[in-house]
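Order as written gives the chain letters A, B, C, D, E, F, G, H and I; numbering starts at 1 within each chain.
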Amino acid sequence: MRRALGLFAFLSFIIFLLAAAISLRPFGEPPHAEMDTYFIEHAQEEASANNVVTSVVFDYRGFDTLGEATVLFTAVSGVLMALRHYGGKEK
Amino acid sequence: MNFENFFWILQILIAIALIGSSIAAIRFKNLIAAVIAMAVFSLALSVEFYVLQAPDVAIAEAGVGAGLTTAMYLLAIKNTTDEEVIE
Amino acid sequence: MMEHLPALMIAVPLFGAFTAPLFKKHYREVSIWTIIITGITVVLSLLLAKEVVTGGIMVYVFGADKPTLVLPSGYSVPIRIMFEVDAMSVFMAISATLMSFIGALYSYSHVERETGLEKYYALLMLLEVGILGMVLTGDLFNLFVFLEIAGIAGSALVGFRNYRGEASEAGIKYLMVSSVASLMVLFAVGILYGQYGNLNLAYIAKNVSFNMVDMIALGLLFTSFAMKCGAVPMHYWVPDAYTEVPAGINPPLLVATYASLYALFRVSFTLFANVVIDLARVGWIMSILGVLTMFIGVTMALVQKDVKRLMSYHAISQTGYMLLGVGVGLTVLHDPSKLAEFGRDAMAGGVFHIINHIIYKSLLLMTAGALFYVTGTRNLNEMGGLARKMPITAISFMVGAAAISGLPPFNGFASKLLIYETSYRLNPLLTVFAMVTSVLTLASFVKVFASAFLGPPLEKFENTREVPKPMIIAMVILAALCILFGLFPNLVLDKLVYPAVDALINFAQYHSWGGLA
Amino acid sequence: MTTTIIRTTTKILAPLILVFGSYIILHGHLTPGGGFQGGAVFASGLALLIVANNKEKVKELFDKVPLSQLESLGALGFLGIGALGLMGYTFLKNVIANSDFLFGAPTPKGINPGYLNTGGTLSYLNIFVGTKVLAGLTSIVLIFFLILRRERDEW
Amino acid sequence: MTPESLFMGAMILLFLSATLTMMRMLIGPTIPDRVVALDALTTTTAGAMVLYGVITEQAVIIDVALVYAVLSYIATLYIARYLVKKRVGLA
Amino acid sequence: MIEALLAILLAIGVGFNLLASIGILRFPDVYTRIHASTKCTTFGTIFIVLATVVYSIYRWLPNHDARWITIGIHSALVVIFLVLTNPVGAHAIGRAARKSGIRPYGAVIDELEGYYEL
Amino acid sequence: MSFTLTTPSGFWNPLLWLIFLVLFGIIAYLIYSRGNPSYKKNTEQIKPYLSGNPEPTKEKVQVKAGDIYWGFIEALKEYYKVLQAIHTGDMRDYILWYLGIGAIITFILIGGV
Amino acid sequence: MSLTTSFLWSLIVYLILTAGSGSVLLWSPAELVAGIVIAALIGYATRNIMDERLDYFFNPKRWVLFLIYAVGPFFYAMAKANLDVAYRVITGKIRPGIVKISPGLTRDESRTLLANSITLTPGTFTLEIDDEGNLYVHWINVPPGKEKPTPEELCGYLPKWARRIAE
Amino acid sequence: MNGSIFVNLPFIVVAVLLALGFYTIGFKRNLIKVVIGVEILEGAVNMFIVALGYVKGGYAPIYTQAPPEAAGKMVLPTPQALTLTSIVIGVAVSALMLAFAVNIYKHYGTLDVTKIRRLRG
């Protein structure tokens, strides 16, 4: 019962994912790329970096990278906290 | 052989590898085997990024998937148990 | 310095979080440090609110030459990440900072017997950072990043008591739910990026059309955020997480849940508001989800024996009111006469209910934490007669219970009244459900109060005393806020809630980055 | 107890991997890679040290390494570089680029062989993120290793 | 027969052989079999990556192959260390 | 001319890689498979990289473009790293297999029998 | 600052409400104070009279939380049976519910209904 | 002392990685400075891990011999090994066994070199090495009557080279 | 290959991988398998975003020692930057999940998710 219902939900969700995948614009031809063109053209003078990806990661979208570093920091704190010694409080 | 055909053949091969390794990761009863399949999945994913001209992402996936994720999984399995639950 | 306020809102708690692990074993110092940092953020958020309410939408572009340089010269697309702070964001930001401060204050005593506190406080501040980033940002991918920060920090905190198996169980459930939801959000963001080549919320909202791919993206975003904010029938993680988390984290975790609700509103009101035809459909979905949420939540709460779990189900049920109120407003968004007649008030009720609910539910969960602190159990069947031992806790609990049940003159009443009256205009059946829910809420809190606080004093609780001072201060502050907001609802409504509602309704203002372009 | 082969090879390869990681971190603005990738490679090198030694040796090796402080240092450095932009510009503004400070030389436009002394704040951020990532990932692997029970872990 | 097309053909053949190796990863009766297949797969893929870098004439992207060449054996060592005591070889 | 040289080198490399995969598929037990995988893949990759190095020298000679130096040296580094690491991995996994109790198929002699006091 | 909260069909004034509350409180107290003051503390009067049976212990007098609203829950037994069957606590179900609801919502949004 | 070894080794690796970047003998000045800084840091960090003696590890004679070995005898043996494996793969004629040899090497480095060479060359790979330096080798085709081989019978001239290079 | 359904082959692969990931999360009983499912989801979404930014015949967006014809024809950099962030997040999530799994095994003695449900009702 649970399995059948779950399978139904799963399949109906996947149909929409497939529909989205098929009806996207064709692979390899991005329609609007103003933002990325700007990055490619201006990265060398504004960020003075040859690697456009790095200049996007650390300059144009540097705030995302701060968030990424924070995520890693959070996860490390979480892992260390979850696996710490119990501190004598056993229940 | 021009670049276009070459690219699509690569895409098909990588697609086979991706789907095959992920199905393997799901189907294997032994967790170590599943983790090895995940390493192959990561390798195929990295090759896909590489072929799609994203070397930054490919290096990230390689650095994480080749050593660290496998190490983490194995240490976690070592701390728990490696047999899948009998269904 | 005023124009840098949005950046400081993130930078200050991040600084606190990054320095917290350096305190190693000095637990007192790190908790005081956290209280100071969260206090500073409260002040900053109030300053920000003053700026925004008087000066309109505030835009802060990261990495540009000056904070308001949205579009580079000669370009018509925004290229950098920006914060776009309107009244709704500020409203949520105030809730977040206030509740983090209260949580830090409460945690000072509540977890003092545990180890690993430097990481606990770091995660508390990181949770605050995640919420603040979510509510302030004007960039879709940035929203995803901060959603993940809030989710990971929250789930790590849920698993804080690692000597309990249940805590780890709840933690992995929460993490599973939040990571799957975030991944689907990322997928939807990817779809939108593929369509429009940009990630700025306002820019996408200006260009969004009505093809199938966009609707799938909207469906994914809607469902993911609905799951993260605990709408029935995707609410199962809420009681698990709220029950196992230390009571000091409950207030920020509540705000984290409602930050997802905020994101849901932002997506339906701002991102897809230009789609005229189908917004009523979204509104109806939201209202029906709201009704289901409030009814199923409250009926499940009636049969619970664990006090925190009971309150968690009430949290689900109260989320339904917000969904109902804002859903009613969304249904009539493109109908100006109805919007002026009752839509705006309905949304005001829903939004006002967010802060009201955060305040009194935090108060209630904190009293439950206080009960756990002195008795060591959360099972209602084992409690009894604690009113004489812990008078302040009992009074705080009474205030909170009265507020959540919508008794006048506490704050729950004002927002519930608005919701009743406006949802009656849309469909009377919705109101009936809302009122039944309110009655059942009162009933279940009578049960808690009777079994935990009333009755003869039991022998096993002979030596219990009132909880330490920081906890009492935290609870008293919240109880006072309950009464204050109940007596002067107009204060909050005029200063914060109606600007927030207007910010949601006037999406054209948001789409033009506050008139900058 | 590991075998002679593994021990000797680790001795030669560990510095190699660490240098390779540093290379990726430092050349983040020129070649593919950057803070996170290099940090991950660096952490893999340290994970190699963890796997090639037994528990006592690992404890001894990592006893004096201030992983937690390094992580906080990296994160705070990122924040500090970001806050440099508050002096007249906005948060995270690339203030060092084209300013003739260290890493501040301008980059010629178009295709070039790549000059190390460019990048502005990007290089600093790469280094800080790399520090942070290597400390963080290593401490994750290390904590998973250290909670292992004795009898389950032998070579 | 330009050199590029030679390299392309070689790369496709390498991937085909990698696919064959993956068969062993899928059917391999014991865990060491799968690990051996993983090792061979990684080596082959590193070679193929070098070829792709030469085909597109981009010097810098060969670093990815370097990363794989260096790091692949760490995973092998971890798995080997796991298998030593476990007696799951026959599983 | 250069095409023929490249074709020979690549053919050797690809051939040995294919041989490795066939050997991995055909051999009866894990130890013999390690023979196939380690030796043949390393040797095949050496020849493939040799081809790229030859090609990069060929392209470098006319106008001394620095990027072909990088391609050549990094390709060579790939193979050096592989030669350094591959035998160790093979040794570790073979030892682990023997220690976890897999006996060699059809062994005429097994000196390690009883060595690990199983 | 006005106390009046205007709603679509009326208004709400907490101050007015408080005044009425105090008024009715005074009235109630007046009625209460006219009662017969025969109750005295610290006498036999405070003991409950249970037909001569000994007084039960305090734990027994305490009303357990599980016993409150027993009738209500009993009346809605069928409803609760379904509801508690849904709350399995299995983390896979959480995701499956998400998938199902996502499919339904997307279906409605695309225009199926 | 060991600091110098690890420093030099790190520097060499870094310089190989960045070759071709500039005009000062293939390297640009910035790369050289960065290389020295990084080599100092890594060398300091790994001074206890890489406990090689300087005069042993950086003996030019050893390196020249090693290069000759790698290009000449080793490569030849490897080619032979591969043809051998190819033959086995195609025909399927195998007669495997695990044999023990005692090459009598004393240093860890020489043992490792020999073991790795054995792994990559004819029909053999090292399974186990014990404290006395005895190698347990899986031999894919044990000739009849050679179940207790001498090192020369198993792998020809490799032990001689290993002794010459690393002892 | 133009014109057929295979022009969107990477996207279809992404959808299939998403399906496999959701299947793993929804129907497998082992906790580590569930974590593996989440990782498959991460990989699928990452691949989707990178595939969005590909331009036919483009070169990697790096100017260092690039071939001369690369200057005007680079793939879009933004999706790659997004994917980098997403990969880090994936690692973080997996690590935390594994830590929780270890804790759960320590207290429950099993990794079967149908037995890990003390919290229900």
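What to note about this one:
The definition used in the following text is that contacts are C-beta pairs under 8 Å (C-beta built on N, C-alpha and C of every residue); 3 or more make two chains touch, one makes a residue touch a chain.
On a predicted model such as this, the values are computed, not experimentally measured, just so you know.
Listed by label, the chains that touch chain D and also chain H are F. When the C-beta pairs in contact are tallied for C-I and for F-H, the bigger tally goes to F-H. Centroids of chain C and chain D (each the mean of its C-alpha atoms) stand 37 Å apart.
The distance from the centre of chain A to the centre of chain G, each centre being the mean of the chain's C-alpha atoms, comes to 44 Å. Centre to centre, using the average C-alpha position, chain F and chain G are separated by 74 Å. With centres set at the average Cα position, the gap from chain B to chain I is 10 Å. In chain H, 17, 21, 115-116, 126, 128 are the positions where the chain touches two or more neighbouring chains simultaneously.
For chain B, the set of residues touching two or more other chains reads 3, 35, 53-56, 58-60, 63-64, 66-68, 71-72, 75-79. Across the assembly, chain C contributes residues 14, 18, 21, 62-63, 141, 145, 148, 152, 155-156, 159, 162, 164, 168, 171-173, 176, 180, 194, 199, 212, 216, 219, 240, 303 that each touch 2 or more other chains. Residues of chain H touching chain F in their complex: 16-17, 19-21, 26, 78-79, 81-82, 85-86, 88-89, 92, 94-100, 115-116, 119-121, 123, 125-128, 136, 138, 140, 142, 147. Considering their complex, residues 22, 25-28, 34, 113-114, 116-121 of chain I touch chain G.
Across the complex, chain E is touched by residues 1, 3, 6, 9-10, 13-14, 16-17, 20-21, 24, 30, 32-33, 35-37, 39-40, 43, 46-47, 50-51, 53, 55, 58-59, 62-63, 66-67, 70-71, 74-75, 77-78, 82 of chain B.
Of all residues in chain G, those touching chain C in their complex are 1-5, 7-10, 12, 14-15, 17-18, 21, 58-59, 61-66, 68-69, 72-73, 76, 79-80, 83-84, 86-87, 89, 91, 93-95, 97-98, 101-102, 105-106, 108-111.
Across the complex, chain A is touched by residues 28-32, 34, 36, 71, 74-75, 78-79, 82, 91-92, 94, 97-98, 104-110, 112, 114, 118-122, 125-126, 129, 132-133, 136-137, 139-140, 143-144, 147 of chain D.
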